[in-house]
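What follows is a group of structures, each given as structure tokens.
Two complexes follow with subunit A in common, the first pairing it with subunit B and the second with subunit C.
What follows is the complex of A and B.
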């Protein structure tokens, strides 16, 4: 192998948790540093942003006009661009603003809202630039992140399933919460990847990894309605970290027309 | 010869007070005993050592999309429950298995098979549907000419002992009588137990089973005890309400591939794959190759998969079965139609797990009936 691949880790509107998953790879961290050149990663080094990247890991959503320009710059510098985490892949929890008026939020939250420059929406990276791979999760799963890096280094497709959480619950022998306890759980329509964390602690799935591939969200919404899950509970269930992901977006609320697209403030 | 009469001659009696002796003997004989036990709110199959671990007195309630357990302290019966989500499939064909590893040794790849040696399982309390399910899976994994058998499965099967218990109660979701798999167990098990309030009538169907009963020196059952036990099973069988009309079912489904019902069920089906994961005969798996960061170590894994997983139909660079209706149709027509072509039997044993564990409560028996009812109606809304 010739020169080590240059990796950059970038952040937009987000909590930094997904980037930290990389630092959380404690045992593998030295090996990662050995295999790649970490050329830009503000959580870990103060190296300035220069040159181009073989792999860009992008965290966070686009929520300001400045970020729109930045993401185009990063895309132009990067051979492979992978988005990491629900903010980058679906707009994050901050995309709840997309269902309401950002002006109202600004007025309520900030003493002097006129100083805040923001977009009316929080949107995933893929709405702005082409993305080579999306690593889901809130936060991303450490094992999946390592698999992604290993696969990228080996030049193969990562083994990242896009099927439901149920498949992994059943493989693990975990009792189905909706069927055995009547607990509403998003697992049946959510992409697996967390290692069935919540169901293994008897909590319904929160949908951190967003909709599973080619699923039928409405089928589950209707079933939970029939089972008597209150409408506000159902609405909250789908409106968290992946609220703006197609499928979850239209689950329980009508999508407001004025927030479709990326209207600037 | 009426089967009940033939069976009566060899029937023995195992008093409940001696049941622990059976468990102890199995362990002494080198078996790992896998039996029903309550865990996380369901009856599951797990390793058991003590008779107290059997869900004595527990009764399950099952209906489409719903499972609940309750304890009845006045119930003298030990096996008043029907199958939970786990079947023997979990033990005979584990959900994840590493098949081999390859590592680079001085630049040269070196492969090493890592398939483990299966334990000697004694499966206890297996119901008729699950006994039949093992027979169905045998046809998938074991090649009678011995050429293309799955080595782990074949070895696990050869070593295992199956002790069946005939059902005298049914869940709302059960339909074994339609599939001819229960509640009576005539073959496929080594021992068959039929429950009385204070004892079990025991019949041996194999040499392995005979060895167990001989070692325990069980006394013969009295003819009236045998009659009482068999009567209870027969009565229960007569009370089963859920049915599938299997008349010409293969051809029925194959001439209804464009029936509008597939689109209708796809509005409710969420393609979560629970039905296939709990099905005791579904055998689909995927194979993954995994490398580590260094690229020096490669592993091939076999992982239980499902035809409801879109990527299961990934071929030629795309997903072939994009729609939920196409995936539901694939599953149902395989179970009840093309399975006959492949293996000479239906792929369904009537355990009803796919009905209970469907989070949206889709009922396979209802779907089959809907197809039958609309057979011949061209484009009619089902």
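What follows is the complex of A and C.
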């Protein structure tokens, strides 16, 4: 046996929920810790940031000038870099600022906006450095996360399906909420991964895993318009935790600003 | 960590505080061995929830605010639904309230077990992490394994009712999308009974730790009820005689922005004026497990009171390091409450109460694992949010944490730098600070002049 692979877990703008999913692997956690060297994981250990990594797991979006520098440093230290969760893969809910004025947002939350340094945009990691794999979800699915870690360490591509929630829902035999009850549902255009959670709780999918491959977003938007879903409700439906993901981003509104983040105070 | 030396100022610095949720730093400034000032700096980037939520539907508040914190999403969902329900004048039946309380118990178990075993206990053994602690002896590995299993059973409650442990999907204004059957909930009982015993072992274990000798005259603030250990609702009370309704919170507490932090500080005020006192810590207060247990332990389940009576730690206590004991007694309270709620569970006639949107303002406080979480919303007549204010527990504790650091700083100055850093972090972790919440990052920096 060679040296144990060095793994680092890194956080940018986020809620900590995706890295918590790693701590939520209660049964597997101590086993993972036996098989890899958890070399950097601020939420769990005081170990300082040193050396290089065989695998970097990155949570969160890029939203400050300092983070832009940090993500380049982490990329330079890491053989494989994978992003976990909607913030890291699409900019997160905080990317709603990309459609608005960050000046206005600062003024609403802080009495003295000059103290706060932030970028005008919240953007995915892949906008700044090359990313080897993106794991979707708000939050990520624990089983997919374990698959991602074991596949990456074994040097194979992770087996993560890219089809829609809708397909899983049909397979599970759940009554179609939009067809039967007129409930707007993003299942037809959202990537699988949640285990058809919302429809199995009698609730329309709200898009935690972002746009699926090969889906017709505009077709769904038109269908819901024809069905009488109010325009503002439709707009909000597509613009939540994956609002800035291509596909959802331009679904119902024009894209107002470039993703290149200029520093604003 | 890096040490910088110049002719006039010496700086010890930890680039990021570990084993907390989020990112922060702090500075202690010394002149001639006297503490000049301390600053807890939260540099977790701002995400502007209170701004981008304007124009969203009030019914979206539980799912959106859950994303403020992956550790305590249920707390956000509960404060959010209660505040919106006040505006819409919705009264949920007791069965729905019981399910919400059960869901919240799951989050307390999950979050508290995480903090006790993975984030805080390593400090008492001078271990970098719980993973390092588990490797140090078979006995300690057993403790950590027990903690992880307790955490899992907390998650299982949240998963059963909420659909998943992080960002549950089943909570809505008026109730739930779907409610569990009696049989589904009863399947949890054997593990929860194991958990209750494990929580007793946890309390005995953490109460046997060596606690640094430190106390102060704290103002502890928490929700209180006469009939149960308050989690979901209650009157805001303190050990200094405060007793107000949740709507009155802004009259007695004020948020301030400080240059060194992205989190707004909370301070207790009186009639809108700062409480008299010359120092800059005037009006600081503590929320969270220690505040709650000190104030509300008479309302805790009998088993928790009995276990507490036999511990070597006496309550009420003004030693913040003993918060880990209060947290363990709250885990016991949560397991016991969860068991009783499941045993008495009757599914509500309907999963949720119907409602019509209306204009108005509503405020609600619930007890997040780390302390009181205040939400206040204003809606227009279509139920669209026009104003949003969220005050998380870590913002409220921030000034109080700074005062603790200020008080222990003279002792830190005498220590080697590495030890001083650790002691300061240890004191901060007493509060289980959730920095993701509070900004909506921590660095240790001691400046010697």
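Note that in this section the second predicted complex is superposed on the first by the 255 of 265 C-alpha atoms of A that agree within 3 Å, B and C clash if a C-alpha of one lies under 4 Å from a C-alpha of the other, contacts with A are read in each partner's own complex, and residues count from 1 in each chain.
Note that in this section a contact is a pair of C-beta atoms (placed from the backbone, for glycine too) under 8 Å apart; a residue touches a chain by one contact, two chains touch by 3 or more.
Note that the coordinates shown come from a computational prediction; the quantities given were computed from them, not determined experimentally.
Colleague: Who wins on subunit A residues touched, subunit B or subunit C?
Modeller: C
Colleague: Determine, under the contact definition given at the top, whether A:76 touches first (subunit B), second (subunit C), both, or neither.
Modeller: neither
Colleague: Pick one for A:215: touches subunit B only (first), subunit C only (second), both, or neither.
Modeller: first
Colleague: I'd like to know which partner A:118 touches here: subunit B for first, subunit C for second, both or neither.
Modeller: second
Colleague: Between subunit B (first) and subunit C (second), which, if any, makes contact with A:49: first, second, both or neither?
Modeller: Second partner only, subunit C.
Colleague: Would you check which partner chain A:15 touches, where first means subunit B only, second means subunit C only, and both and neither mean what they say?
Modeller: Only subunit C; A:15 stays clear of subunit B.
Colleague: Could you look at A:179 and tell me whether it touches subunit B, subunit C, both or neither (first, second, both, neither)?
Modeller: A:179 sits against subunit B, while subunit C stays out of touch.
Colleague: Contacts for A:233 in the overlay, against subunit B (first) and subunit C (second): which applies, first, second, both or neither?
Modeller: Touch status of A:233: second partner only.
Colleague: What is the contact status of A:166 with respect to subunit B (first) and subunit C (second): first, second, both, or neither?
Modeller: first
Colleague: Contact-wise, after the overlay, does A:150 reach subunit B, subunit C, both or neither (first, second, both, neither)?
Modeller: First partner only, subunit B.
Colleague: Show me the subunit A residues, by the header's touch rule, that subunit B contacts in one structure and subunit C contacts in the other.
Modeller: Comparing the two interfaces on subunit A, one with subunit B and one with subunit C, the shared residues are 202.
Colleague: Please output the residues of subunit A touching subunit B within their complex, sorted ascending.
Modeller: 28, 31-32, 35, 146-147, 149-151, 153-154, 156, 159, 161-164, 166-167, 170-176, 178-182, 185, 187-189, 202, 212-220, 222-223, 227
Colleague: Can you check the complex and tell me which residues of subunit A touch subunit C?
Modeller: Residue positions touching the partner: 11-21, 23-24, 26-27, 29-30, 33, 38, 41-49, 63-64, 67, 92-94, 96-97, 100, 102, 104-106, 108-112, 115-116, 118, 122, 138-139, 194, 197-198, 201-203, 206, 208, 233, 236, 240-241.
Colleague: Report the residues of subunit B in contact with subunit A in the complex, numbered from low to high.
Modeller: Subunit B residues touching subunit A: 39-42, 44, 65-68, 85-86, 90, 95-96, 266-274, 277-278, 288-295, 303-306, 308-311, 319, 322-324, 356-361.
Colleague: Considering the complex alone, what residue numbers of subunit C touch subunit A?
Modeller: So the residues of subunit C touching subunit A come out as 1, 15-23, 44-48, 50-52, 54, 56-57, 60, 63-64, 67-71, 73, 114, 118-119, 128-132, 134-135, 141, 144-145, 148-149, 151-152, 155, 163-167, 169-170, 172, 177-178, 256-259, 262, 264, 351, 422, 425, 436, 440.
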